[in-house]
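Below you'll find the structure, written out as structure tokens, and then a few comments.
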Amino acid sequence: MPELIETTVVRTPIAGAAMLSARDVSVAFPAARGGWIEVVRSATFDLHPGEILGLVGESGSGKTVTSLALMGMFRAGSRLTGGSIAFDGRDVTALDEKGWRELRGNRIAMVMQQPARALNPAFTVGRQIAEVAGRHLGLGRKQAWEHAVATLDRVHIPDARQRAKEFPHQFSGGMAQRVLVAMALACEPSVIIADEPTTALDVTVQAHILQLLRELVDDTGVSILYITHDLAVVAQLCERAAVMYAGEVVEVSDVVDLFERPRHPYTQGLLDSIPVGVEKGGRLRGVPGQIPSPGSMPAGCRFHPRCAHVLDGPCTTTPLELVTHDRGADRCVRSADLTLTGVSRGTA
Amino acid sequence: MTRLPAEALAEAPPAGQVEAERARRRIVPSFVTVVLTRVAWGIPVLLCVSFLIFALMDLAPGDLARQILGDQATEEQLADMRAELGLDRSLPARWWDWLGGAVHGDFGVSLISGQSVGDRIQSALAPTLSLALLALGAAVVLATAAGCLAALRPDGVIDRLVTLLAALGITIPSFWLALVLINLFAIKLGWLPAVGYVGITDNPGAWLSHLVLPTASLTMLTTGELARYLRGTMRDELEKDYVLAARLHGLPMPRVVFKHALKNAAIPVVTVIGLRFTTLLGGTIIVEQIFAIRGMGWITVDAVLTQDYPVVLGVVVVATTLVLVVNTLVDLSYSYFNPKLRKS
Amino acid sequence: MSVQTSSAGDMSVGSSMHHAGLSRYIVIGGVAFLLFVAAFGPLVAPYDPFHNDLTVTYQPPSSDHWFGTDALGRDQLSRLVLGTRTSLMTAFVAVAIGLVIGGPLGVVAGFRRGWIDALLSRVIDGMLAVPALMLALTVIAVLGPGLRNATIVIGILIVPWFFRVARAATLDVSQETYIDASISVGCSKWRLLLRHVVPNIASPLLVQVSLSLGLAVIIEASLSFLGLGVRPPDPSWGGMLQEAAQRLDIGYLIWPPGLALVFTIGIFTLLSDAVRDSLGASGGRASGA
């Protein structure tokens, strides 16, 4: 955790057209008594080539629904109720299932969390990778198997040839997560969406996975959308980050700016919650209140009931839009006049 | 499965992971172990069953010696006959004798025809096994299709239809269904034969056509139950993360359902198959009567009606053995479906 | 990775609740109907079920004979109605036999464990390994045919289910720590049995009762079909199907007894579902028919 301050790397902003971009994406689920409940509203951010973008938020912020929507996956009867999604310059908002099947696992792949659950327990690891590779790359059985072994090797699984013949339950958590990364990599995608891939793992194992991801980006130029609730990971790994709260993107900016000059009080709240430099026996700070449920959103700014800087009127009446500025975007009417302190550096 | 030093260093697992590793290396039953365990369980059961029935036969009214020699026999002749038949010895001793023969396939002779019981059973095995295995196979195929389709769209049309048919399958008695099918397909429509059995080696086409209606009657119950189970387990599996992951990798839904999810959903259902085989064998009794198929069921009824006890005993023991064999095969199949059970 | 649905996730629970209520009414209605027919049906039946009238053999359904007549000119409806009484009574008595023998044996096995348990369980396993109808036939072979013997045989066939349920439930209860606590304060084994074990196994046993009723009905019908249960000229559904089997070109003899069987088994199946649902998870340990 102390690394947070010392090792934040200054990274150059990425220029160029976005690889994956979401504009005003809204996703709604059918409600029990008819009608729809909006779970994600107006999510907007860009993922540039060769960049690692963090998508930060607590549980219930809508990050997973958003990431699934970016792959055209809508579960439990949900649908896209607004906005557009573009992938590699192509509008995929209205893409049909067949079209999405061409892209998924092939050009855009996901690494899920909890590898024990994300792998089919009844088939060997090698077969699972080979199946995906064979299908998208048109490889024969033997070729696909070789490719699977090579991919496992690439994610630094020792003795890959032997381990490809093993079943998921024979892998430890960290190794299994590497297998998931391998599956995502198998077809050399342009975008990898990693949904909290290290949440279920130990800290030391987590460090290895992050290292692996960094390596992949440096080697192949793949873009990664890294979903997490852990700001420390964002600091270590990401160039830019988007913060989500209650189904909305509330801030997008460079990681350095995010930590040192945040523009949204929620971001500030997240930073304040990091237990850095807290003396033994001292209080941990959190954000007071609770995340609102999708059916009962506050009027105006969704964060206002928990905000220390709330202004009656501007913050409490009309829903806010995401406003872009030169260095990013934010959804706070007061961001221009607020000067948030950023991450605390502990007691001097 | 040894781990290379590099891997161990890279991992540096804390205590929790060591525990998990130990658990994975636990000794797991192998093929031979499973068979031996089943046999070890099955043998006492067979012994028990055979003894109980042997004892039961003994209770039956009627003097065997008199039955053979007739009412005119003298007491002395009867006593001699009893000695010859070994009837003067104790029950356990007689049972032991019988057992000794049974192990070699010698189940004694029929009281009515004098024919070897073993031979009689042997000729009856083919029809019954054809019927039972066909019914089981049909049930598995139909139930798989129905269960998977139903689970794909929960509460959809197919789901409701399958649930209804499954419920019907469980409530409709197979022998009544047989009568209805004969009335409809054999008599009214004349498409299929109503009675008889033809050996597969004699005429495969006739073998099949004679077995269609009997199999259809028998299979309903099992299909219904299997479909119900499979629908349930498939629904659970389709909720799981690996199914979502497979779809996120671009695999088409049919393949995800029939290959990926099915293998996992099958495990509890396979158990039911083993249990249902017993019921199937019981069902053949009446179905064989109706369709005049001289299988084991038919022989059982015949022997019961004529009080031909050695035949009854032999048939029951053979039937029970079949049940045990099928259950052993079911046990063995678990390790195919659930790799966690394989020796690591 | 579960989707962030929050309160949006709980859909369509309402529809299954609706079904539960409806099926409860069906069960109650169905059982009441069956009991009514069994009790009062023969009193109001149009004809004497045993009355032969050779001038009206093999009559199709008509206003005189709603379900037609059989080979001896007997009215099918009246026979069907009397058969209802036979089937239900046999089922009830057989299930009672199974409960009275299997239940206590199961409790003893579960409670005492040791060699008693091992021995009884082996015997029960043996009984379950033999196909039910085959076992029934074997015992009938010895006892001789007839309704009384058939009822006993069916009861014996049902014993293993009750044994298993009672044993499993007793084992469950004995694991509870309050048993140990009671023993440690000097509670006698009998008292323990009566006050703690028995009330707790009541619900699984009740579920098993409802499950076994359907099984009993079908075995009785099977035995009667083979001529080994209810003997002619007494009417029974199985017997009527046997007569129908003599003339399979005639459809109308096949349907009434068959549908009666399907209806009865269906009602009992729904009954067992309803009993299991209302008694909660504690019911339904051993699988039934």
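Labels for the chains are A, B and C, by order of writing; each one numbers its residues from 1.
To be clear about the criterion, a contact is a pair of C-beta atoms (placed from the backbone, for glycine too) under 8 Å apart; a residue touches a chain by one contact, two chains touch by 3 or more.
Note that the structure is a prediction, hence the values are computed from the model and not measured.
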Exercise for review: Look at the interfaces B-C and A-B and say which one is made up of more C-beta pairs in contact.
Suggested key: B-C
Point to revise | Chain nearest the global centroid, as defined over all protein CA atoms shown | key: B
Check your understanding: So how far apart, in whole Å, are chain A and chain C when each is placed at the average of its C-alpha atoms?
Key -> 57
**Study point:** Interchain centroid distance [CA atoms averaged], chain B/chain C, Å
**Key:** 23
**Study point:** Length of the line joining the C-alpha centres of chain A and chain B, rounded to whole Å
**Key:** 52
Check your understanding: In chain B, what residues contact two or more other chains?
Key -> 241, 244
Check your understanding: Can you list the residues of chain A that touch 2 or more other chains?
Key -> 75, 112, 114, 118
Revision key, fill the gap. Where chain C touches two or more other chains at once, the residues are 1, 12
Exercise for review: Would you pull the chain B residues touching chain A in the complex into a rising list?
Suggested key: 1, 4, 6-7, 10-14, 16-17, 20-21, 24, 240-242, 244-252, 260, 263-264, 337-340, 342, 344
Exercise for review: Within their complex, state which residues of chain C touch chain B.
Suggested key: 1, 12, 15, 122-123, 125-135, 137-142, 144, 214, 218, 221-222, 225-226, 228, 241, 244-245, 248-249, 251, 254-255, 257-258, 261-262, 265-266, 269, 287
Review point. Which part of chain B faces chain C closely enough to touch in the complex?
Key: 41, 44-46, 48-49, 52-53, 56-57, 59-61, 155, 167, 170-173, 175-176, 179-180, 182-183, 186-188, 194, 241, 244, 275, 278-279, 281-283, 285-286, 289-290, 297, 300-301, 303-305, 307, 309, 312, 315-316, 319-320, 323-324
Exercise for review: Within their complex, state which residues of chain A touch chain B.
Suggested key: 71, 73, 75, 100-106, 109-110, 112, 114, 117-124, 131-132, 135-136, 156, 158-159, 166-167, 169-170, 172-175, 180, 183, 202, 204-205, 208
